[in-house]
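Both complexes below contain chain A, partnered by chain B and then by chain C.
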Partner chain A sequence: MSTTLLSLIITTLRSPGMVVDDATSDAQTAWLVPRLLLITAVGGAVFGAVVGAHHGGIQVLYAAIKMPILFLVPLAVGLPAIRALFATDDSAPPWRRVAMAGLVGAARTGILAAAASPFLWLAWSLFRDYHMAILVLAASLLVIGGQGLLTLRHALPKFRWVHVAPLAVAFVLMGLTTAQTGWVLRPFIARPSAQITFLRPIEADIGDALLRATRSATGDYGREGEEWAPSSSGLMTRGLRGRDFDGGE
Partner chain B sequence: MSDVARLTPTLTAPRMGTVGTAVGGLLLLGTASALGTGYLDIAVRTLPSAIIIAMGAAALTSPALLVAHQLMALKAPPEHVVAALGQGVVRLGSLCAGLTPFIAFFALTSGLAPILYALVLVAACLLASLSTVRALATLEQHANTQITAGPAMAVLGAVWVGLTGLVALRLAVAVFAAVV
Partner chain C sequence: MTGWTAPALVIAAWLVIGAGVGIQLERKGHPSSTAISALVVWPILMSLINTIPTATGPFSEAIQRAFHSLNLTIADPLAADVPWSGELASLHQSLIDADARLAMVDRLLSESDDSDASKGLHKAREHAATELQAVLAGLADLRIQIGLYALEGGEQSVQAELGALQARARALSEVRTTRWTG
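Right, the complex of A and B next:
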């Protein structure tokens, strides 16, 4: 059982399942939760600051604030699904265990993100191009976040082969949610010419954006004069409208 | 043997309240997806789509499973088979309820909700079907001394799941045509 913040960090890295197993009582959970959140927040903030350093200025602070949120929002969205996916024929894993596995995963991601920050800073020196920087960030988050996602398997009291399919679905759900959360919270890496804002309007989606960034990074800017204008989408921007059946919208 | 012991208490048919919760889960998922459609009329028609597709397919094809089960002279009591099917529907409803925040998040922040709704519904149906087939096979093994009984039921269950999937797909096409 971890007794200090340092020992908790070490246990989270070496055997995350042990941290999940430790949270059996209310007292132990109350000790672990704030510390895991703190580790996630600090690790995410360090990583975010380095990400924001690609543009510099106030973007360093903005990205440092938003990155921990990026690590935690997917938990709130994805944990009910994970619990439902991991339910067997006669029981579902306890909420406490599922939530702790998620929090330990987020903390693990935070620690790895902070440790990877110097290498990302080095990458910014090599890839100044905006589109390439986005792809490097996406790849970094994939590697770092993947480790956090693997921790979710500890939500299960005992792993059995029948859990492979639910686990695969859970990975896809959490990956998609994290990617979309990142898109909603953007910019992390601001365009060189852009006016810096804390959040940009919600428009298009992460799949569309990554496709465009990949094309731009490989020098494919589409037809001459054609510029990508992200379309508004989602209930938060579009709302629900009635349709005019005589003349389209 | 441990699987049998674990499954035995679930062989009673799910209570109406539990089935109601499962239907609620399907309705919740449809509601979350409806939020992302962008148009009020489509949203209203999308609301019950998960219930129509999933419950419709289950209701249309469950009698065929029971008939085939009797035809093949398998030993598990029919009421236990019905109970296992009921548990499968409950599992599907719970899964859909758990997946609702995920679809709601994408409905609020992106235009991907309708696509993800379709994928999530397919994945939930597959997982619930796998769980049901496993339960049916264990049930038959428990009721029969022949070692081949479990695999025979598993094959029957797999064929039934495949045909149910096709019926669900046909229903989905009809629902999609009605919605759009």
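Right, the complex of A and C next:
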């Protein structure tokens, strides 16, 4: 059981399952929740500030505000679905345990993100290219977020082979939710020539954007005269835009 | 901004509910940090609305520290095969209850005069505090027993130590029961 913020950070990193186990009583939950949120917010803000530093200026602040939101929103969307996936199991986890595991996972992601920030800063000096920076950021989030996601296993029933399908669905669901949340909250790395805004219009989806960023990073900019822009035919398209797109991811 | 109307409404609804839960938590006497957290994670904290936060006693931090250290020791892979009878949670709860009783007695003593009854209560309080401290010291000894077990084996010593601690923790409640039931 952690008694200080520092010991909570250490336990969250070394034995996240222990923090989840601790949150059985109301008193312990009331003590843990604000501190886990603080860790997530500070860790995410540090990482976000470094991400925003690729463009510089006010984007440092914007990205620092949005990054903790990126760590937390998928929990609100994905955790009820994950709880539902295991609801028919004999040993279905209590709602509070699933929620606390998600929160501990977010805090763990925040700590790892803050720890990874110097490396990302170094990467920015090596990869000044905008499209390459997006891919580096996506890869970083995949590694960091994956560690946080693994914390959820502490809330799930003991593994049996019948759990393979719901586990796979849960993993894909949280991954997609996080990725799409990141897309909705863009730009984190603004295009060098872009006009900076806090949020972009909701359009297309993350899969489409990553595909195009990968093509652009390899020098394939499409047909001559074709403007790089997210497709308006993505799975979660809300409106037709494209020609006036001047943002980033 | 294109497409942001519906998300903005959802976010506003989330924050309004969170503010409502936070206000309720504040009224119930929960810390401000918990109430503010409800803005973001109200689904987790909603269950706390119906609970009144228990007062933390004078040994609250010492209890948490002792169990934190013990849990870290147990989590060590080298201590994985230490034989536990799985009673640590009840031992922990016994100490928290005893600590809460001490907190209540401290509050009473601070409000009472210097009568004989107060002196009796003060004496009983000191006895209970000494017993609680002895159990906490025993938890430190238990960690040493685990270390010895990892080196030399001998599961009886670990179980004996744990059993003795549980007996002392039970005695903290039983003395109280005897005192009040006559």
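Criterion: the second predicted complex is superposed on the first by the 218 of 249 C-alpha atoms of A that agree within 3 Å, B and C clash if a C-alpha of one lies under 4 Å from a C-alpha of the other, contacts with A are read in each partner's own complex, and residues count from 1 in each chain.
Quick note on the criterion: a residue touches a chain if its C-beta (ideal position, glycine included) is under 8 Å from a C-beta of that chain, and two chains touch if they have at least 3 such contacts.
These figures come from a predicted structure and were not determined experimentally.
When the two structures are aligned on the shared chain, A:Ala165 is found in touch with chain B, with no touch to chain C. With both structures placed on the common chain, the touch criterion links A:Ile202 to chain B and to chain C.
Using the contact criterion defined above for the overlaid structures, shared-chain residue A:Gly56 touches neither chain B nor chain C, since it reaches no partner. In the superposition on chain A, contact is made by A:Leu72 with chain C only, not with chain B. When both complexes are overlaid on chain A, the residue A:Leu85 reaches chain B alone and has no touch with chain C. Of the two partner chains placed by the overlay, only chain B lies in contact with A:Thr177; chain C stays clear of it.
Annotation: chain A residues 76, 184, 202, 238, 241 touch chain B in one complex and chain C in the other. Only residues 76-78, 80-85, 87-90, 92, 162, 165-166, 169, 173, 176-177, 180, 183-184, 202, 204-207, 231, 233-236, 238, 240-243 of chain A touch chain B when the two sit together in their complex.
Of all the residues in chain A, the ones that touch chain C in their complex are 1-3, 7, 11, 14-15, 18, 26-27, 29-31, 33-35, 37, 72, 76, 96, 99-100, 103, 184, 199, 201-203, 238-239, 241. Residues 6-7, 9-10, 35-41, 43, 87, 91, 94-95, 97-102, 105-113, 116, 123, 126-127, 130-131, 134-135 of chain B touch chain A in their complex. Residues 1-4, 7, 14, 30-31, 33-34, 36-37, 40-41, 43-45, 47-48, 51, 53-54, 61, 64-65, 67-68, 71-72, 75 of chain C touch chain A in their complex.
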